[in-house]
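Shared chain: chain A. Partners: chain B in the first complex, chain C in the second.
On to the complex of A and B.
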């Protein structure tokens, strides 16, 4: 009885811990193992070495996917952070309609990527969408057919992704700005600093942790981006807007290449880990320092 | 500087301030239009007939409130083969979301409580495993998960999806609750323990009554994540068992030769409606959840 009482917290955690160990970490290990085998439709358990990884990196389609991921991630981060900071600073100027504007800027975050993709797919449609609207306004030669142009369709994913996620970045920067002591701003202004230099020289450098969080979240969102690509371009035209997440699902569930699919999943996992592990390490260290 | 000069300087700085104010509002207003435009387009398009869509442009208003597209999106066109509509799938998602949110939230609360108020050796490592679990790309678990669901006999079923969402939601709910409970003073718990109260008594009598703020955040977060999920739904279910986002995507992609943009937009609004309502009614908690999930500690 005493033993039970003493170990109750552990016993309560145990089922969740078991689930976590099996379904998260066990599964990742299984995927790593399969990525070292020759598995096609069904898993085989004879080690084949790194060949799936060599195969993966020799596939042009994988290179397209990685290149697209790089383009998407870079632009996605740059635009989200730029728009997020701009809106956060502007909203921080004691605006009367702040509550309303914040709601408007942030509501896309409540919509799924499938809904987002469906809406933008319609708006970016060349025959009836924005292109036609501009032509009706009198810009007869206006063309905007990125959605169906190989090499350009990846940028439509950026447009829709930024629309969906930038409000969130605004929200976390606004929360950061609100935690800055007003006295600092007042003191700097008395010393004759302009509002712009107060922000660029004093406040934004203080936001370093917020920048870190924002970048980690955005990279993480970008690498996982699957739904948006499927709903907006389905990876097309052709494979021109393919991304690693789409590639992985294709290989795993349509091409019966589960060894190769596992190798690509592990590449994604390693990329996320390379960014998240140092971030978590520094965050937890900060937490310890505070104690 | 004479009196007059000083007055003029002050006046011009006041004018400057008004101009700045205007620029500020114009920029904020332009962004508001950028964010609101797609929703506006979705709504007006859903009320147009296909004829109006071909004749008019993206932003033109419909001639009348025409609910036909909404009817088709929800009920289908009435023929059996290849008719895709949302009714069934909407209820699939409801049947999936309710139990998955409740189970994962309860487990998260108990885990967070045990990890913060009943510290034991190695608890911080367990927490780290949960924390890292919130970041893993799900592609790394899709294949073994689909095999496991198969061997448990719950592939292509709502039950399978409930399991998947509870398992991977657990990391988030535990993280949220742990971060909330760690800010609650240990003294109350200590005092209760001296009085002889046990693990569950303290949880139900002391911790749970003060957990409302974090439980609201957790429930909203889980609701949004599960309702909006596409990857798990598309990978583990097909046909009549699919959740709403999968059905929406199928609907948009399979409206074969004739594109029915009005139906697509009505369907997209239906699929986005529940989360949008939650966001409008409880936006404050929604934002708190987003930031709680991102800025750790």
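On to the complex of A and C.
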């Protein structure tokens, strides 16, 4: 009885721990293993070496996907944070109907990326959406055809992604701003600091942890972005807006290249870890320091 | 709480308790209107013979979702009785060892499938180096079709083109009048569909076979290939700006409405015309794309996996026999827009386009023009096919020169194989 009482928490947590260990970490290991094999249609288990990685990096399409990932991730993070902070600061000015406005900006987050992608696909389609609307209004020379222009289609994904996620970033920053002590702001104002410098010099630097969380959330959203791309451009025109996640699904399930797909999945995994691990490390270290 | 648990248990166990003589679980993605109706014919036939059909439809994405499910089931050692698999993928599954023993071969031998099918179609259905049947064909789709709006063509004095130059001339004329010459959805598979028809027309039958059946490096890098890409660039100019990413049936709609004149698409497009109540030669024209008696085919088929249990093997045999049955082949293909794979089905009840397809098939077979479609996975390994498709769609959607495209094509095929 005493034993049970002492070990009950462990027993309760064990199933979920086991499930997590197997289905997340187990399959990560499995994918790593498969990426070293010659698997094509179905998984095979004879080690083949690093050849899948060499093949992967010799494919022009993979290079397009990686390049797009960097463009998308950078712009997505920069714009989301910029717009998010701007909205948060504006909402922080003790305005009327703040609750209502906050909901308005946060609401896109409630949509799935598929819905966002489809809606923006219609809006950005030159023969249906914004371009046609402006031309019908009389601006005959107005063109906005990024969606169907190979070099520009990746930016339409940025637009839709930012539209969806900046409200969420706003909410994170708003919470951060609210936790700043009013006394500090008052003190700064007494010292004669303008509102702009109060924010840029004092408040935002104090919000370093909020930045970190926002960036980590956005980075993994960006690297995993699959549904948005599929709904908005499906990787097109051509393969110009391809992304690693789209590439991976294509290889695994359309082209019977499970080994190659695993290799690309591992490359994505390493990219995410390269960003998340140092962050986790620094955060955990700080907690240790506090003890 | 206990009642709920019992209810759940009952629901889970119910399917396993009700079994009869022959059983078959069939994985497919024919879930839309005409296709679902077509498949219902088979389900009814199966039930009439006392079989228990357990349906496993996985909708979406032209079978991608279904392939994911299928692979998961096979890896878990729980393959369905039959699945909708076609082309060289049939033999690829066989090489993985999940098909043998060939349960349906005895049926095929007893019913004489070798005589009922053309050699070409039969060769796709056999495993173990062509020794045994492991799949059953249900239809033949033709890919290289032009669909055109009759009113638009007639009022502009244009006939269905018999050469690509004729098509270009007609398209220029239409474009000058503000009509979109070619309704196209620039998705990779649609670009590849157009590309293979152009390649067949400009390169000829032998060229097509060398390039897309044998994946011959010299042919892929030849000057003929440059000409084919030149024509693709021309065709791009005949499409409208809204084309990238458009679904094929939306493009068909443009032809129906008269916004566009032509569409190049396989004969499933006929289903769209039929659904709108339009008739061939009255409202629209159907003709093969210009080529020298060429015919690009796509044969849908079901592969039969290795499974355990006598009643399941019986189910597979019954299923294979019914799929090749005259009744099913006729009714199914009228719904689906294709023609029967079986040679002795009377064509009287089919429409004009299907009859033409059937007649052309026989001519093409005699003249060496009966060729498998690579865009629809009837030839080439999927990886190689995908690599070609990438280059084709990249070229079509950018300002890449034809020479560069050919160079990229050779490199991509080499890297993928």
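Here are a few things to note about the model shown:
As a working rule, the second predicted complex is superposed on the first by the 280 of 291 C-alpha atoms of A that agree within 3 Å, B and C clash if a C-alpha of one lies under 4 Å from a C-alpha of the other, contacts with A are read in each partner's own complex, and residues count from 1 in each chain.
Just so it is clear, a residue touches a chain if its C-beta (ideal position, glycine included) is under 8 Å from a C-beta of that chain, and two chains touch if they have at least 3 such contacts.
On a predicted model such as this, the values are computed, not experimentally measured, just so you know.
Touch criterion met: A:128 reaches chain B and chain C at once. Applying the stated contact rule after C-alpha superposition, one finds that A:94 touches neither chain B nor chain C.
Shared-chain residue A:172: touches chain B; no touch with chain C. Number of chain A residues touched is higher for B, counting chain B against chain C.
Look at A:255: by the touch rule set out above, it reaches chain C but stays clear of chain B. By the document's definition of touching, of the two partners only chain C reaches A:237; chain B does not.
In the superposed pair of complexes, A:9 makes contact with chain B only, with no contact to chain C. Contacts of A:109 after superposition on the shared chain: chain B is touched, whereas chain C is not.
Touched by chain B in one complex and by chain C in the other are residues 43, 121, 125, 128, 234, 253 of chain A.
For chain A in complex with chain C, the touching residues are 40-43, 55, 58-61, 121, 125-128, 145, 147-148, 150, 233-240, 250-251, 253-257, 260. Chain B meets chain A in the complex at residues 24-25, 27-28, 31-32, 34-39, 41-42, 45, 53-54, 57-59, 107, 110-111, 114-115, 118, 120, 123, 126, 128-133, 135-145, 147-148, 167-168, 170-171, 174, 198-199, 224, 227-231, 234-235, 245, 248-249, 252-253, 261, 264-265, 267-268, 271-272, 275-276, 278-280, 283, 286-287, 290-291, 294-297.
Touching chain B in their complex are the following residues of chain A: 5, 8-10, 12-13, 16-17, 19-21, 23-28, 30-31, 34, 43, 83, 86-87, 90-91, 93, 95, 101, 103-116, 118-123, 125, 128-130, 132-133, 136, 163, 167-168, 171-172, 175, 209-210, 213-214, 217, 220, 223-224, 226-227, 230-231, 234, 244-245, 248-249, 252-253, 258, 261-262, 264-266, 268-269, 272, 276-277, 280, 283-284, 286-287. The touching residues of chain C, when paired with chain A in their complex, are 64, 67-68, 71, 74-75, 89, 92-93, 95-96, 98, 186-188, 191, 240-245, 381-383, 385-386, 390, 393-398, 408, 412, 415.
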